[in-house]
Structure formats: C-alpha cells, structure tokens
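First chain written, first letter: the chains are A, B, C, D and E, and each begins at residue 1.
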Amino acid sequence: MNIFPRIVFVLLGLFIVLNWGLIMAGIIRKIIARLGMRRGIKVFQPYINLIKNYSIRSQLSHGVMFYLGPVFRLSGGVGIFLFMPLIYGSDYWSNFSFTGDLILITYFMFFGMLGMALGAGEGGHPYSAIGISRGLAQFTAIEVPMTLAILSIAIQYQTLSISEIVAAQQGGIQNWTMVTNPLATIAAMLSFLGAMGHSPFNVVMAPQENPVGPPTEYHGTFLGVLQTNRAILHVIEAVLYMNLFFGGASNWGVLIIKTFLIYFWSVFVGMVFPRFRVDQSIPWFLKIPLVIGIAAIVVFII
Amino acid sequence: MVNPIYIIAVLLGTAFLLGLFRKKGFEFGMALGMLAIAFAAVISVHWFIHLYSGTEGGLNIYTAGSKPPFSINLFMGVEESFFMSAINILGLLGFIYLFRAFREQGLKSSVLFLVLIMGMNVLIMSRDIFNLFVFLEIVSIALAGLIYLKRGKESAAAGFKYLIAIGVISAMLLIGISFFYLFAGTLNIDDYLQSNTLPVKGISVAIFLMLIAILLELKPFPANGWALDVYEAAHPGISAMISSGTATASIFLLYKLLPLSSLDWLPYLTVIGAVTFVGSNLLGIVQKNSNRLLGYSSIGQIGLMIAIIGLAPRLGDHFNFIFVSIFISHFLAKAGLFWISGIIMRSNIREWSVLRRNRLSLFMFGLFILMLIGFPPFPSFYGKWQLVMDLAQHKSFVWIAVILAGSFIEGIYLFRWFGYAMKEQDDEEKKIIFQWEKLIPPIVFSVLALGASYYTNNLSLLGPTLNLIPIYFILALFVLDFLPAFVKNSLVIAGMIIYSVLLYPSIADDTLRLIFGGIFMVGGVLTLFAGYSEKGKREGFFPFAVMMYAGLIGLIQAENLFQFFFSWEIMTLGSYILIIRGKKSMKHALNYMLFSLGGAYLIFIGFALSHIGQVTFDLQTLSSTILPGWTYTLIAIGFLTKTAAIGLHIWLPGAHAEAESDVSPMVSGILLKAGVFGLVLLFLLMGAEQAEQKNLLYILGWLGAITALGGNLMAVFQEDAKRLLAYSSVGNLGYILFALAFVTHVGWMTALTYSVNHFLFKTLLFLAIGGVVMRVKTHNMYEMGGLIKQMPLSFIAVLIGIITLAGIPPLAGYGGKWLFYNAVLSKGWYFQGMFIFFAGTIAFLYCFKLIYSVFLGQPKDKFRQVKEAPVWYLIPQIILIIGIMVFSARPDLLLKPVGTMLSQSNYFPTDPLNWENVTASTDLGYWSGYKIMLVIGVMFIILLSWLLLMSRKAQKIKQFNIVYAGERPFKPETTHFSHNMFSHFYKALGFLSIPVVSAFWNGLNSVTHSMAENTRKIYSGNGQTYIVHIMLYIIIIYMLMF
Amino acid sequence: MSEKKQTEQDKFLAPENKKHTVIGPDGEEIQVDPLNDYFCTDLPKVEAPYKGVLEKFLNWARAESLWVLSYGTGCGSIELPPLFSPRFDAYRFGVAMRPTPRQSGVLIISGYLAVKTLKRVIRSYEQMQNPKYVIALGSCTINGGMYWDSYNTINRLDHYLPVDVYIAGCMPRPEAILAGFNKLKERIKSGNAEGANEYIEKLEWYKANQKKIIKDWNMPTYNW
Amino acid sequence: MNELIDHIKARFPIYDVIESQPGQIFVSLEASKLIPMITSLKTNHGFTVLVIFTAVDWIEDDKFQITYVLNNPKEKQDLGIRVFIHRDDATMESIHHLWKHAATFQRELKEMFGIDFPGSPGVDDPFLLEGWDNIPPMRRDFDTKKYSEETYFPRPGRETNDPATFMKQMLYPDD
Amino acid sequence: MKIFELENISMAAGFLLLMVGIWGIISQRNIIKMIISFSIVDTSIHLLLVSIGYIRNRTAPIIGEGVTKTDAATQITDPVPQALVLTAIVIGVGITALLLTYSLKLYRHNRSLEINHFNSLKW
C-alpha cells in the first residue's frame, strides 16, 4: 500500500485508540465507583482532565531531559501502537507492523520507560527516583513470565510475527491461545497485572507514601502528554494480549470489547488485593507466574 | 687458539699475585684481577664461537704432558665453552659489581673470588672425578669465605651452616669416589665410559653416592635449607654468583657424570626436579624477604633444569634448545635480580617500591621477572613452548601439568613482587643511591637478555616466523620514552593506522578476522585519542599499550599455534602493565595476571594436546586432534578466563574499574574480545561436533546464561561507576558466550553482532564515564549527580550507550536482542534463554542507576564548576556514536557479510536470514532496522514539536524548586537518591549476589598460603636440622632407587 | 537589600543555607550562595487568559476538573476525607485529590493557620500552576475565629493569599464544602477566578503582608 | 502515700503538701533541692515517669512556678512538685539527664516563658514560633490581643447588636 | 677371604667412624663439638680411602729404599688412593680451619657456641 493512505489510517487508528482509551478509563472508574456504592466520575471525566491539563497556563522546566521525558514516554506509547497490527486481515489497520515483530514491541516498551525515568530523574525529586527504582525493579520480575509466555506461543506457532499468531487463532474460540495454550495465557495475564500498575503492584505510584512516584514534578502540558500516553498505552497493551492470546480482532467492535475485558481483568484484581512491596512482588512473580510460564514451555518441549 | 689451560693458570696466578699486594695497590690489584677474568672470558667466548661455528669436536687437554690415568685431563667442547663463557662473563661482571665490597674487605677477598671463578672453570672442563671433587671443595671453600663478605651474625651463621652441609655432602661424594675407584679402577670419566665394565651393584652404589652428592649441591627441595640461608645472608653479588654461577657449574657436573651410571637415573631426576620446582616455588609464595625469595625461585629454576635433564630422552634433538633457553633465562635473570637487590638494599619485597625512583632499574627488574616466568619474547618462553610440545608428543601429561603448575606458582609471587615494585607506597624518607658500578652488570645482562631473545627467535625450531615489526616498535617506544606524551601518542596512532592499512589487504577476504581486527585496531586508535588529554610524559604507557595492541593484532594474523600463543602472551603482558598503572590497582592487576596466566597455561596445554601426532603447528591441527574433549575444554576454559565467565570473573571488576580512565575502555571494550575471538576460532577450527558430543556446548551455554545473570545482578548493586560497567561487561560477555554455544548460524551471528555492539557501547560508556571521573575525581556515583548541565555531551554519549546496551529499539542493541530470540527459539534452549532475558531486564536497573546518579538528580556544590570532559575524550565518543547510528540504521552492513562468512564456513551452509533490501527475516520473524529508525525518528520529532508548541514558555527553575510537602530540601547530598538505590531489589534477589566465587578463590588462596606457611616450617634455621634433611634425603632416594 | 536586613535574614538562615565555600575536585574554592544557587529567584509573570469562547471552554474544563491538593492545616482537614466517601462522593463533581501541588489546581485551607503553617501554605500555593484557586474553610480563615486574639494565628487569609471562596462555619460540614465547590465552579466559569494572576499582580502587597508576620523569611521571594 | 510524704519530709524541706485527690499530692520545694529530690524519687521510690512539666507566671509575686508531675506506675501515685524561681533570673537546672523527653518540655518553656535551662539539648531552637522577636508570649506581661491586632490585620467586624435592644429598636423605634 | 683382614677392619672402622661422626654432627649442640665430629667424618673417609687402596703384603708406594722403579708395580700398594688421601687431608684441614674461623666469628657475635642460637634465618 502506498505510504500516504497508510499514514492517514495510522492517524485515524491512533485517534480511535486514544478516544477509546479515555472512555475506557472513564467506564472503568465508573464501574469501580458503582461497586463502592458511589455515583463516581462522569464517563467523560478523563477528557475533561486532559483538556484541563493542556489548558494550564504556566509551565516549569527542570532542564532539557525533563522536557524530553514526556516526549519519550509518548513516543514509546505511540511507537508500540505504530508497530502493532490492530485488526486481523485488514491491511489498512495493520499500521507499520511490517517493520518488526513481537520482539520489537516487547523491547520498545522500554523506550518510554527509559525516557520517563530520565525525565523524572532530571526533576531532581527523590521521590521520582524512588518510584523509578521501584518500577524498574518490579519490571524485571514482571518481564520474566511474560517472556516465557511469548516463547511458549512462539514455539507453539513457530513464528514471532503478531499477524501470523493472530491468523493461527482464527476460526472460533477453540483456536484461541487461551484454549490451546492455557498455561502461557495464565502466565502472561499474571504478568499483565504487573505491567498495568494497578494494585497490588502499584507501589511505583503509591500516592500516599510516595506522591505519585515518577511524575511528581510533572504538571500541565507535560502531565497532559503523559495522560495521553497512558490512554493509548493501556489500550495498545490490551491489544497486544488480545492478539497473542485471545484470537485478535476482526473488526473494531470486537477489539473494543476484548480490550475492555482484558483491561478490566487488571482492575478487577486490583480491587480485591492490597498493595505489595517491591521485595514482596518480585518473589511472587518469580514464584507462581514463573512456574506456570516454565510449565507452559515444558509442555511444548515434551 | 689459546689453550684453555691458561685460563686456570692466569686466574690462579693472578690470585696468588694479588695475595702479595698490600692495601696501597688495591686499584691496581683489582684491575689485574679484572683483566684476568676478562682474559678467561675472552678465551672461553672465543672457543665457543670457534667450536660452535666449526666442526671440531673439541679439544682434550692433558696436564702434565701425559694421558690419563697418569694425569688429569681437561676437555673443551662446545658445551663446556658455552658454560665457561657464561660463568666467566658472570664472573667479570660480578667482580665489577663487588668492587666496593672488595675495597671494604681488602684485596684478599677478591683473591677468593678469582679462585671461585677458576674452580668453576675447572669443574666444567675436568674429566677426572677426583679432580672434580677437589675443585668442588675449592669452590666451596672460596664461597664459604665470600659468604662472610657481608659481615654480620647472619652471614656467619649461614656460612657455618653452609660449610657443615657441604662437608657432609662432600664426605658422601668422597666415599662415592673412593668406592668408584675401588670397583672401576679408574678416576677418569672417559676411561670408564670406554672400558664398558660390567656394572656391579657396588659401583652403582658408588655412583649413586657421587650423583646424589652433586644433586645435593644443586639444593633439591626439601634438603636445601642451608642454601636458602646463604642466599639470604650473603652479599647479593655473591648470591648472584651462587645462583647463576655455581649452580651452572654443578648442573653441568651432573650432566657430565650422569652417563657414568648404568642405572636409569632419569625418571628420578625428573621427579626430584619437578618436586623441587613445585615445592620451592610453593614456599616462595609466602616469602617476604627478597633475597630469600630469589633463593626459592633460584632453587625452583634449577629444579626445572634438573627435570628437563631427566626428561631428555623425550625431548630428543630439542633437548639442547630447551635446556639452553631455560638455562640462559635463569642465568641472566637471577643474576640480574640479585644484583638489583644489592643496589637497592631492601630486604622486604614491599619496599622494592624504591625501584620507581630509577626507571632503568625498574625496567630491568620487570625484564628479568618476565624472563623468569617465561613471557615472550624471552628465551624461556620458546623453551617452555618446545618443552611442553615435546612432552605432549610423548603423552607425558603429568609432567606438563607439574611444570606448568610450578611456573604458575612462580608467577604468583613474582608478579606480586612486581606489583609491589610498581604500586606499593614508597617511603620517600629513606634515601637510596644508585651506584654506577653496580648498575653496569644488570645493564649488560639486560642487553644480553634482549640479544638472547632475538637469537632465540631466530634459532627457534620453528624458524624466525614471528612478525617482529611491532616488537621493534615497542622497543623504539621504550627508547623514545623521554618524549612528551602527545608526540608519542601521535606516533603510536600513526603507527597503528599505517599498520592497519598495511594489514588490511591480507585480511580483507576473511570477514571474521576483519571484524575482530576492526574492533582491535579501530578501537585502539579511538581509545588512544583519549590519551591526548594526558599532560607530561606519561612514562611507560605507550610501549605497553602498543604491546597489547600488537598482541591483539597478532592474534588476528597468527597462522600457527605458536604465533597465536605468542601474541596471546604479549597481549596479556601489555594489558597487565596498563592495568597496574591505575591508582589502586595493585591487587586487581595481580588477580588479572594470575587468571590470565592460568588461562594461558590451559590454552598452552590445549595446544600441546592438539599437537600430538602432528608435525606442524598450523592452526588447522586443532581440527584433527586426537583428544578433542580435553583440547576443547582446556582451550575453552583458557579463553573463558579472558572473557571472565562466571567463576573466573573475579579479576575483572577490580581490574577494569581501577585502571586509568582511558585504559578501562581498552581493556573492557576491546581486550575482552580477544577471548571471544579465540573461542570463535576454536569452534571454527575444531568443529562443534567434537564439543557437542560431550555436552560441552550445553555446559558452555549454561555457563554463559549464569554469567549474564550474575554479572548483571552484581552490577546493579555497585556504587562505583566503573565497577558497575565492569560487572556489566561480565554480563554482556555472558550473552556472547551463550550465543556462541549455540553453534548455529543465527546464534553465531548474534554473538558476532553482540561483540561489535559491545565494543561500540562499552568503549563509549567507559570513555564517557572515564571523562566524567577525570573531572570529578571520584568513582562513586552517589557523590556525583546533576552533571548533565556541565557535561551535556557526555550525557548524550552515556544515553546512547545505555540505550544500545539495553537493546532498546531503534538503536543497534536491539538487533542483537532480536537475533537472540530467533537463535533461542531455533535452538530450543528456552530456560537458559530465560536467564538471559531476565539478565537483560536487570540491565535496565544499572543503566538507569548509571545515568541517573551521575547526570541527573541533584547537582552537588563541589561539582558546580566542573567542565565538560576533555575534547580528546569526546572525539572518540562522537565517532563511536556515529558508528552505533550507522549500524542501527543499516544493520545489513554488518550482518550481510557475517551471514555470508558463516555460510561459507563448513558448519552452517544455510543462512537463515533473508534480506529484502534492509529488512531481515527469518522463519520466525522479521526486522527492519532502517524503517524502525525512520518511523521512530519521525514520530519523535512530531511529538516533540507538539510539546514545544504546547509548553513553549516554560520557566526554568533550579535544583531545589521541587515540591517537598511544603518544606524545602535540606542539602543536595541528602536529596540525591542514589546510594543503595536498589535496596528493595537486594532484599528480593540479593541472595543471588553472594560472592560464592570470590569465597572459593579466597579459600583456595588461603589454603595454598597456609600450606606453604606450614611446609616452610621445616626450615627451622638450625644447621643440624638441615643435616638431618640431607641424610634423610639420601636415604629416601636410596630406598627408592634400590 | 540593606546590609542590616541581610544580617537579620542570616540570623534565621539554617546553617546549610548560609553562604559557604566548598572545595572542588581540582582543589578550587567554590562560593555557594544556597538561596541563589539552589532556588530560582525569578518573579512570576501574569499569564493572560485567552479571549472569548476558547477561554470559556477552557474554564469549563477547569471547573469540571478540580484537583485538590491533599493538604490539611487545621481541624478542617478531618472534614475532607468524608467528601470522597459514598455518602458525599465529591468525584461526581470532578473533584479529585492530588498528592503533589504541581498537579493540583485547588488549595483548601482547612482551618486556622499558625504562622509556621502559613509559610508552608505559601510555598505550596506558589508551587501550584496557574490557574489555581483557594478555598478557605471555617471562621478561623475569615476572621481568626476562636483564635482571634492569638499571638500566633492569622486572622485573615485574604491578606496573604487570594481566596476564591470562603466557606463559613466552625467547621463547615461536607455538604457545605460541596456547596463551596459548586460556588467555585460558578466563579471559574464566569471567568472571575483569576486569583493566580491577581496574586502576581499584587505580589508586592502580598509579600509585604507575608513578610510582616513571617519574620524568619529564609527562602526566596517566590517559591517556584 | 503518707508514708512516702513522711519519708521525703525527713530528707527534703518540702512544704505546702496538698492532696488534691486520692493518690495525687502536690508539694512545694526550694528550687535548689529539686534535682536531688526527683533523682531520689526516680531511683528509690518508683516515680519513673515524668508526666508533665510546665510553668505558671505569678507576675504579682514576681515568680515563675515550675511544676513537675511524676508518676509511679506501680503504685499508681502522682506526685507534683512545685518550685518557684524569680522572673528576673529565670533559670532552672535541666533534668534532661533523667528523662530525655524533658528536653522538649524545656525547649517549650524557654520559648514560651523565657525560662532558661542551661545545658539542655536544643533548648534555644524554635519550637512553635519561627522567628519570634518579641517577649515570650506566655508571660503575662505580653499583651496578646494587642499584638494580634497590630500584626494580623483584624477584620473590621460587622456592627454587633444585642438582640434585645436591636429588636426593641426595630420593633419600637419610638421608645 | 678372611673377614678380619686389616683392610676389612679398617674399612669397618672407617664406616663406624663415619656413623659416629655424622651422629655427632647431628646430635651435638656445641659448635666445637660439631666441628670435631666433622673431623671424625673426615678421618673416617681417609681411613676408608686408605683401606681401599691397600693391597696385602705390599709396601707404601714410595720409590726409594727397597722398592725400585721397575718392580714397583708388584711391590707397592695402589698409589692413587694414597694420593687422594693426601689431597683429602689437605682439603679437610682447610675446611676444618674455615669452620673454626666461623666458630670464632659466631662466638664473637653472640658469645655463644650453641648451634640453636644461630637460627635467626629460617623459613
């Protein structure tokens, strides 16, 4: 396909994903509120927050890297979006996924993290650094079961291309990885809990003890950029899991339902469990999800 | 030709004549004595040249005008003339050396010296056994007198013990001689040999007594306490004579008398020699007194020579070459060291740091030490090479192991000593005078040593195959050391560039060598650029830097095993000296050297094993070795010490961290690749099937995985920036090992890509951090902080470095990761792979710590005025960044040739990577570096402009303008969150970083030391104990032999 | 600043904030003046609002998304948590708590202010971003309340910070606070809630008032 | 309790013994005898807890009264000890060596009353009042209302009306 | 062959003396006694040498009265050991003298002749 229509579709897709991310956050908050017998925020509250943050008149800058941190972060989120095929069978909605495969996405996730870490680091606030060090430390453990799950499905499908993985899952729910490779799915979904940063793995942000962690010093437009990224990232990570484990999506409707359910999984668990410390969450990840992940590989070796 | 008898006559005559002089004629007397020895030297050298070049068999000299048995006959052959030349030259120099001592003690002591020389000459020439006894006694008496040249209680006690011991020994000798006469009826060696008398038991015992007495003269371990006391107590000039002179005479005596015995003495000699070599060196490692240490070393070396004599039948024609090369090394080095010891007059080896005040003597000291251990290009290196190769041909593996173990133990204390001389605190208070006449002898011996090295190279049984241009260059740099640093730096850079250009055509077709050659040479030039920021002369840096690079490039050029090993040793040596130049690197450099030495010896044995049954030393011999498992394992472990696989890694962090700022990138980014190159070469040559059969590759894979995890985990908990990078190198080399162990096409491609990447980013990081360290003068990251404002360029370099290190797209590191997944999946090593990926994520922790603690966070007051790193550090960084960018955008530039190269080799005929323009794809996935770069770049720019638009007028604020719960921060030091940053991580996984390996090596170290410490208690210092040792020794050997 | 005043200020400076000399890595002496070197000494500028519909839209967004700094000064701070309980549920008005002043737009002074606390309040207020709003709870902030004659408690908050909404009571109930939020929303939507700019315009007056009672003014004039 | 008082009386010149409630006795003492007495109480009689320690300004007598309240947790007894010092020379011995937290009380008394406790750690540091430059505010000669009016911009309040008169005026303006 | 021939006896005596001497060197703590023991060893070897060269019923190898040059070969004992003994005696004397000198020096340094007192150099 020519490059220009592709860019148009990419922008369109990005727009949809951003909006869906914001609405999804609102819906989830609404659901949480209702669970707590509250009316809760308006569904469109994330939009208002975003507009408000972009409308803040004054900005402070601690330095160049502080300035670039949100850019890195958003690039990370948008980048993952760009490399992710969204809709199965549609060339229009496969973005730039021809440039790289699953590994590219797994590693590109670090791009945003690193940029954020640097930006927050230049803020000079010790809480930022504490938050980052916790986040990174926890992330090392989160990645291990995820890696095992990815290896497992790569063995299963003998490919690392996301499109091909999705293609292999077509033809009914019995072909989804969730059914054909339940162990890998469980390992990955447990690691997804950590990746989303909801309770019990939210010690990075930990508002009460460590004011919002890395973005302590970010405000106004910077915060707006970070929020934009958050909306995109949540959806696109859910899309990744959807593509890998839940049969992908053949149209936008399916995508929206599936990503919502996947994302809701992490929120649901977060509602039930209290917060882990880092030195508790790392051993946890290296025990239960890791063992499940190993089992997922052992199954295929045998 | 002058009859050699005149040597004796002149020496003896002069000795008598000097006795007539009174105090007034001292100078004249000394001159006369000197002339006499010079005369002897000239004649013996003349004879040697004559006999060596001619075809004559030698000259029999009949004293008293008649043939034996009615007179004593002397014989002058090639061997005799050689050893006599050595002794006479030594004597001449020793005489000059002792000038001052003689002046204090009067001319009569010089008479003793002359008698000593004369005695030794006769010992070598004489063919009459009783005559040998007589002159042995004369030598002993003269020595006993000279021992007391240095007055004092110790000398007297040592002399007494010496005399008593010698008395007992000579009693044995005399009994032996007398019974020999009883049964043989003659005292002439030649007569006996010609007579072919039937051996009876009696004569065997007689000869046993004679030989054992001579052996005891050679101070075998452990019956040598008396000799050690003498070495320690005597004047160093005399010790030199004992160590190099009488030992030479005695060993020749042994060699001469050996044919008398019909018994097979040789195995016993081998055992005695080997026990002496190992035992004596072992005791040396706990010795603190320099002269006694030299004594131990001396005895050890003589033990080695005895062992070589014992092994003679296995060495065949090569015996002479091996023996002479080992002998000449010991002879020159030991005398030189004793002489240096006499110059500086320090008995504790720690105090040898005074040598630094005189560069020349430090140079000579290093030269002699290296010569003793057997480093190239000294003769002993060639000797040991030939020895081990020949032993391997006869499958004498035990002896190879013993000899190399002994050499290794010797290396321990000699290098520790060298470290003290280089780095120990020098007490400036204590004055020292370098006397010129004492400096002459060691200088002459140094020159002789270099000459001997040159000739050994030419005479080497391999022929003059080595490329000597780098060596000449190194020597020239030694000479030019007085020039300012920038001149030398330019010279070296120019030299390396020219050499690379000349070298290029020869390796242009060989992609493997091209890659590693590129790493070595380009890296070398780049890191040398950093050296321009050094002021002053930077003495002693450039020769060794060139030595290291010469070694590295020699590895590339090597066509046979010998050249490879030679280069390997040269490289080790150069890098060792570079490392030890760091401020606190004494201990770490020693660790480095010992591990390298051990590794080199393993490689050495591996080469020897592969040489079994082969005629040439060609590299291809590795492919047809008869013991593939052993060869593979040994050589691989040898290379693994260089790549610092876990278990063998403990030398690396200290060595890399404490080295100078521009040396760290050399040894970390570049040097480590030598081990990788070696492994690649090993696999290519040996063939992986050999290793695979025995699961060795599997083990290597696990080793790599654990190394990666361990190295990265340790790096996380470091506070020292350079140490962090060093541990990171351990981890990264673990990846490379892991990928190498695949022995698949894509696995190797991963390994090579990773090697190049690691070179690029680790050199970059070490240069950048080195520049920072240079400015802030501390290694501790928590003391820095906020340096981004002062050092933006260094920050960018580190940023790019860590992005590459962590493998984040779009930079080059991601290519390695991508290939990695493909390799792991195609090979099926999932669990090892999991270790590696876990290590990869852990890498983020230290990456962040590195860049945050140094460049971000709170700036400290004392670093408010630091400047950007020196421009000479920045230039290579920029070049490296460009390199990273090029490989990131166009990975095909590297990967395509590598793929082709690997396909051409025999092992991996199919290239799993398909290239479509710049997009690589395998069966599993695909990757387009160029497009990724493009997409991310465009996106980044768009987003940046979006943010610039939105917050264009941000107010710049300062470091304490942070929200602090309504309060303000206290101090930058307490606000910078860096120290023990990953304490939570330590709580969770710190148990994995417990230094088990260090504990193991420390335990081994302390066991060795305590063993040596306990064993040396047998030398009680009591003369009678020594006699008991001697008697027991005789009895035990007797029991063993009969 | 006159020399006398300088010494006056130095008296209250913590030791680590006094001018001092440190030795750099090369042995050079570096003069450090913490108040100038650690803190930004610039003064803020008025950020003019947009005109017309755009500003109206933005004001609507600002009004519907009130992020409150979790900061309590007096007895009123115990009245704030119930706001977010199911019974009162302030979230439905777009109100949320933020732990950092950088990200919050509303500062609630929840009770009496001792001089010592005022200093921290001023810091927090100045660290917030324009536009920002102040809600003052209880009679203590209005006229001193029961602390009207205290030697250490301020009587009128509006002399130190521009207050948008006062909520009377001792203490006001959460319902009253919710009503106050709605008042604030109205005020923002009407475009009158320009307290931040007002504070900058009348900075000298505010600073004079603040410095009158905060005698140990050991920080820069404006805390960014 | 009375035994205890007798016992103390035998050793220290206490006077004004008041049993304010069962198990709580206040006694007065000369300032110079305070340290020996509370040391003895602490070590010998089980009064291990310093409950509170505060001051009263008797401006009429030109004295400060310092009251130490000790508690014996075993016997459930409280003992208050009052000592008097002159206002002009308001200095008292520190007891921080007996109870560490006494230093905090002393710091507070220094700030609020200007009573000095030489040697007490951190006694000169500001406790509640940062940058206070007036006479200590708890002294009775400090006019807090005047100070407040001068310093804190009192709001000119509304006109206050007595409801009775106000309503009368409103309803019956003529009367 | 008779055991109690002169040469056998002297040889046995020689060995006996050798043992005695070596035992003396090892066991005697006094330096002078050690030197004496050494001399005994020396002498024992001389005795051994002479006994080796002895041929029964022959005279000393001195050409002069009663022994002519021509029949010397049948009349004298083996001259070589005797020459050796002479040399050995000289050497022995030399060594003994040197040992005594050393003992003198040692005594001057330490006012002691106990060999145990001279073990400062060890290990």
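Quick note on the criterion: contacts are C-beta pairs under 8 Å (C-beta built on N, C-alpha and C of every residue); 3 or more make two chains touch, one makes a residue touch a chain.
Quick caveat, the model's predicted, so the values are computed rather than measured.
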Message: Show me the overlap between the contact partners of subunit B and those of subunit E.
response: none
Number of steps on the shortest touching-chain route linking subunit C and subunit D: 1
- prompt: When you check each chain against subunit C and subunit E, which touch both of them?
  reply: B
Chain whose mean Cα position lies farthest from subunit B: D
- request: Could you work out which chain's C-alpha centre is the most distant one from the centre of subunit C?
  value: E
Task: Using the touch rule from the top, work out which pair, B-C or A-B, shares more C-beta pairs.
output: A-B
Rounded Å distance, subunit D centre to subunit E centre (Cα mean): 110
Field: subunit A and subunit D: spacing of chain centres that average the CA atoms, whole Å
entry: 61
Query: Cα centroid separation between subunit B and subunit D, in whole Å?
result: 81
Distance from the mean Cα position of subunit C to that of subunit A, given in whole angstrom: 36
Field: Contacts with two or more other chains, residues of subunit B listed in rising order
entry: 955-957, 959-961, 963
Query: Which residue numbers or ranges of subunit D touch two or more of the other chains?
result: none
- prompt: For subunit A, what residues touch not just one other chain but two or more?
  reply: 58-60, 211, 216-217, 220
Pairs of chains, among all present, that meet the touch criterion: A-B, A-C, B-C, B-E, C-D
Query: Which residues, counting only subunit A, touch subunit C once they are in their complex?
result: 33, 36-42, 45, 48-49, 51-52, 55-60, 207-208, 211-212, 215-220, 223
- prompt: Which bits of subunit B are touching subunit E when the two form their complex?
  reply: 69, 130, 134, 137-138, 140-141, 144-145, 148, 152-154, 156-161, 163-164, 166-168, 171, 174-175, 177-179, 181-182, 187, 225, 228-229, 232-233, 287, 292, 1016-1017, 1019-1024, 1027-1028, 1031
- request: In the complex, go through subunit D and note every residue touching subunit C.
  value: 126, 128-134, 137, 142, 144-145, 147-149, 151-155, 157
Residues of subunit C that touch subunit A when the two form their complex: 44, 47, 49, 57-58, 61-62, 64-65, 67, 86, 89, 91-92, 94, 96, 98-100, 102-103, 105, 129-131, 224
- prompt: In the complex of these two chains, what residues of subunit E are touching subunit B?
  reply: 18, 22, 25-27, 29, 31, 34, 38, 41-42, 45, 48-49, 52, 80-81, 84, 87-88, 91, 94-95, 98-99, 102-103, 105-106, 109-110, 115-116, 118-123
